[in-house]
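This report concerns only the one structure given below.
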C-alpha cells in the first residue's frame, strides 16, 4: 500500500470535520484512496461511516477541511457541476433510497437516463445489472413489494448501472443472507478488477475478514491507524 | 420442545398461505409458538420471513388458512378490534418505520400514548426504554439525523415501550455492529426472561448460533423441518 | 386524552409549517373570493334597494269622489300589507306638480278653464326582498276600491329592475353555491394532499396499535385551527382591500350616494364559522377516504 | 431527451393519479370561478349597453328658426363625432307625442290656441364604452349652434348609470386581479404540495446524478398537461352550468330581452391558455423554491 503517493490518489481528505451543531460526526479526517483501491471503512454504530461517504458524494458539505476528487476541490464545485461530479459515484445507500412510485426497472434506468444514454443503451444496461444481482425477473415490481434483501440488491444494481469510477457502498450486505452477500461481494470485486475504485462502509468485521482489502477504522468520528485485517 | 401441546400455544398457524398474484410468498405454513418461547425464523433473502411476521401483526391478511392468537382467530377480528390486538405485539420493523417529523422521544411515546397511558407514565417508560438501548441522550433528535444503527435502536425501544406480550423483531441487528448487536440481544433475552414471547426473523445464522433458541427455517415460502442450531 | 390530542395537534402544526400554511392560505383565498362576492352582492343589492325605494304607486280617484271620503280611502290603503305611507295629492297640488315637471311646456297650462286633474294618492311601499310581485298584488287590491279610477306605477322601469334583480339573484345563488362547493373541494383536496404527505406516519401509527380515533382527532383539531387562521387571514385581507378600493371609489365617484358597507360582526363570525366547517368537512371527506385506503 | 421527458411525465401522471387529479380539479375550480365571473361581467355589461342605447339627447330650437335651416342644422349635428342618427321632430309631431305621453292629462291640451312647442331634434348616440363623458362634450358642442335654445338629456339617470358602471368596472377589475392571483397561488400551493409528496424522489434523483433540468422538465410537462385538462374540465362544467341556469332564467324572466352569451371560441382559448400559464407559473414558483430547499 502506498498512501503517501499522491500521484495516484483519486480521493484525498485533508483535516476534514463534519459538525452537527456542537457534535462532531467526523473529526480531523485525513484519508487517501488510490485509483482502483478496495477499501473498507469499519466502525461501530454511529461512528461516522455514512457521514464520510456523504461528504464524498456531496450529500453534505464538510464543515472544515478539503476534499479532492481526481484533483478537483469538491467545496469549490459550482452548483451546476454537482450532478456531473456525482455520476463518478455509484452509491449504495444504507437505507436503499429506491423511488417507491417507480418500478425496479425504472429505478435502475434513471441512472443511465440522467447521464443522457439512449433508450437502447439504457434497456441493455439495466437488464444486465439486474441479472447480475439476480433481480431480473422482478423488474416490473415496485420497491415496497420487495423483501429487504431484494431492495438492497436493486440498490446495488442501480449503483453500478452508470459504470461509475467509484462505488460507494454503505452496509451493502446488511439485509442479505450469507449466500447473497457473497454473491454481491463477488460482483463488487468484479468491478474492482475491471478498474473501479470500491469503498465499502460496514460494521461487519466478518465480511471484511472474508473479503480482504484495506481497512480504515472509524470510532466516534476519529480515524484510527489503518490496519489490514 | 413441545409443539404438539396446544394448551400452551400463544400463536398457531394452520395451513397458511400468502399469495401475491400468482406468487406464493408463504406456502402451507403450520407453525406454533408457545407462551414465552424464544424463536428464530431463519432463511435467505426473499424467503418470506417478513411476510410471516406481517400476518401475525395483521399488517396483511392470510390468503388462506387460519391464524390463532391466544385462541382468537385473527381473520375474524372486526376492524375496530385490530388496534387493540396490535398492542399485544411490539414490532421491530426491518426498515424501522420511524416517523421522520417526530423526535426520537415522540416516536417512542406514541406507543404508550396510543394505549392510553398517562403523561407521567409515558415519560417514565420512554426514558427507561431509551436508556436500555443507549439512546437517551439523543431523545430530541429527529430520526433522519440518526445513523442506521441508532435508528434501529430507537425502533427497538419503541417495540418494547408498550410492554408487549410478544416481540416481533425483523432483522433487529442488521444495522448494528457486533457489540451493539450483543447488547440488543441481551435486552431481548431480558424481556424473554420476564415473560415475553420473542420471535426474531433473521438471515444471520451467526447471530442465531451465538444466542440460541428454537429455529424454524423458511425457504421460498416453505417451512423446513425445525432444527436447533 | 383531550390535552394529549391538543398537544399532538399543536406539535404537528409547528412541525408541518409548510403544509399547514398551504391549507390556511387556501382557506384564506376561499374566504377572500367568497367574501368579496358576498360583499359585492350586499352592496349592489343596497343600490337596488335605494332605487326600489324611489318607486311609487299613483292611485287616481274618480272626479266625483267627495272630499269627505278621502280620509277613509287613505286609511283603507294604509292598512294594506306592504304599504309604508300614503300621501294625498289634491287636484290643485297635482296641477302645480305637473307645471313644475313640464317646465318648458308649462305655457300649455297657462289658460285652463278648470283643473281637469283628479285627486290622487301617492303610495310608498315597504322595502322588501320581493317587491315586484308585491306591487302587482297590491295594485290589484287597490283597484278593487270602487272610488279608484286608475293606478299607475313605473311599469317600464319595473320590468327592467325586476329583470336585473332576478338575474342578480340567480347569479348570486349560483355563485354562492359554486363558491361554497369550490371551497370545500379545494380545501378537501388540500387536506387530502396533506394527509397524503403524511400517509407513512398514519400507517406507522396504525401498525403500533393506535386506534383510528387516536389518529384522527389531532387531524381534526389541526384542520379546524388551520381553517380558523385561514378565515381570519382572509377576512383581514378582504377588509384591507375593501378599505383601499373604497377610498379610490369614493374619490372618483359621487361619494355619499350610497353607504358602501363591510360585513357586520355577525356575518364575519358566520364566515369564520363557515371556514371552520369547511376545514372540518375537508378533513372529514379526506380522512374518510384516506383511512380506508392506507 | 425530449421523448424521454414526455415518457417520464406520462408515467408520473399515470402513477400519481390522485395528486394529478387534485391539481387538475383545483385548476378546474379556478377556471369555473374566474370564468363565471367573466361571464357575469360580460353579460351584465351587455345589459347596461342595451340601456345606454336607449339614451337620447333632445335638442330644442328657438321658435323663430325658419324651416329652411332645419336640414342644414341636422347635417351639422349628424357630422359630429359620436352621433349615430338625428331625427327631426316638428312642433306638430311633438305635440302629438306629448298628448300620447300625457294620456290621462291629455284633456289639458285640448283647447290650445296655438302650438307652444318648439321644433326639436332627437339624437341617438353610437354605443361606446365611455358614453357619459362623450354625451357631455357632445352636448356642449351642440349648444354652440346658435339656433339651439336648449338641450335635454336624462341627467338623473345618467348619474345613476354612470355610478353603477363605475362600481361595476372597479369591482370587475378588483375581482379579476383577485381571482387571477388566487388561482396562481392555489395552483402553486397545490403543486408545492405535490412536490412535497415527491421530495424524496427528487432528492434521490439528485443523489444519483440527475441535473435539475432532468428533474424539472417532466414536472413542467406534467403541470401544463394537468392544467390544460383542468381548464377543459372547468370550461365544460361552466358551459353545462351556464346552459342549465340560462334555461331557468329564460323560463322565468322576459326571454329575448337580451342575448345572454357564453364565451366566444377566442375567449375559451384564452382561458385555456391562461390556465396552462397558471399551471406553469405554479410549477415555476414551487420548483424554484423547492429545489433550493431539498
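A, B, C and D label the chains in the order they appear, each numbered from 1.
Heads up, the rule we're going with is that a contact is a pair of C-beta atoms (placed from the backbone, for glycine too) under 8 Å apart; a residue touches a chain by one contact, two chains touch by 3 or more.
Just so we're clear, the structure is a prediction, and the values are computed from it rather than from any experiment.
Where touching is counted per the definition, the chains common to chain B and chain D are A, C. Touching chain C and chain D together: no chain.
Using CA-based centroids throughout, the chain positioned farthest away from chain D is B. Taking each chain's centre as the average of its CA atoms, chain A and chain D sit 62 Å apart. One simple way to say how far apart two chains are is to compare their mean CA positions; for chain A and chain B this gives 30 Å.
Chain centres here are Cα averages; for chain B and chain C they lie 62 Å apart.
One simple way to say how far apart two chains are is to compare their mean CA positions; for chain A and chain C this gives 67 Å.
Interchain contacts close the chains into one ring where each touches exactly two others, per the touch definition above.
The chain pairs satisfying the stated touch condition come to A-B, A-D, B-C, C-D. Interface residues of chain C facing chain B in the complex, by the touch rule stated above, are 1, 4, 11-12, 15-16, 198, 200-201, 204-212, 214. Those residues of chain B lying in contact with chain A across their complex are 20, 43-47, 49-51, 94-95, 145-150, 152-153, 170-171, 174-180, 203-206.
Those residues of chain D that touch chain C in the shared complex are 18-19, 22, 25-26, 29, 32-33, 36-37, 40, 43-44, 47, 51, 60, 98, 104-105, 107-109, 111-113, 116-117, 150, 159-160, 163-164, 166-167, 170-171, 174-175, 178-179, 182, 185-186, 189-190, 192-194, 196-197, 241, 245, 248-249, 252-254, 257. Of all residues in chain B, those touching chain C in their complex are 57, 59, 80, 83-84, 86-87, 89, 91, 93, 97-102, 106, 110-111, 113-116, 119, 158, 162.
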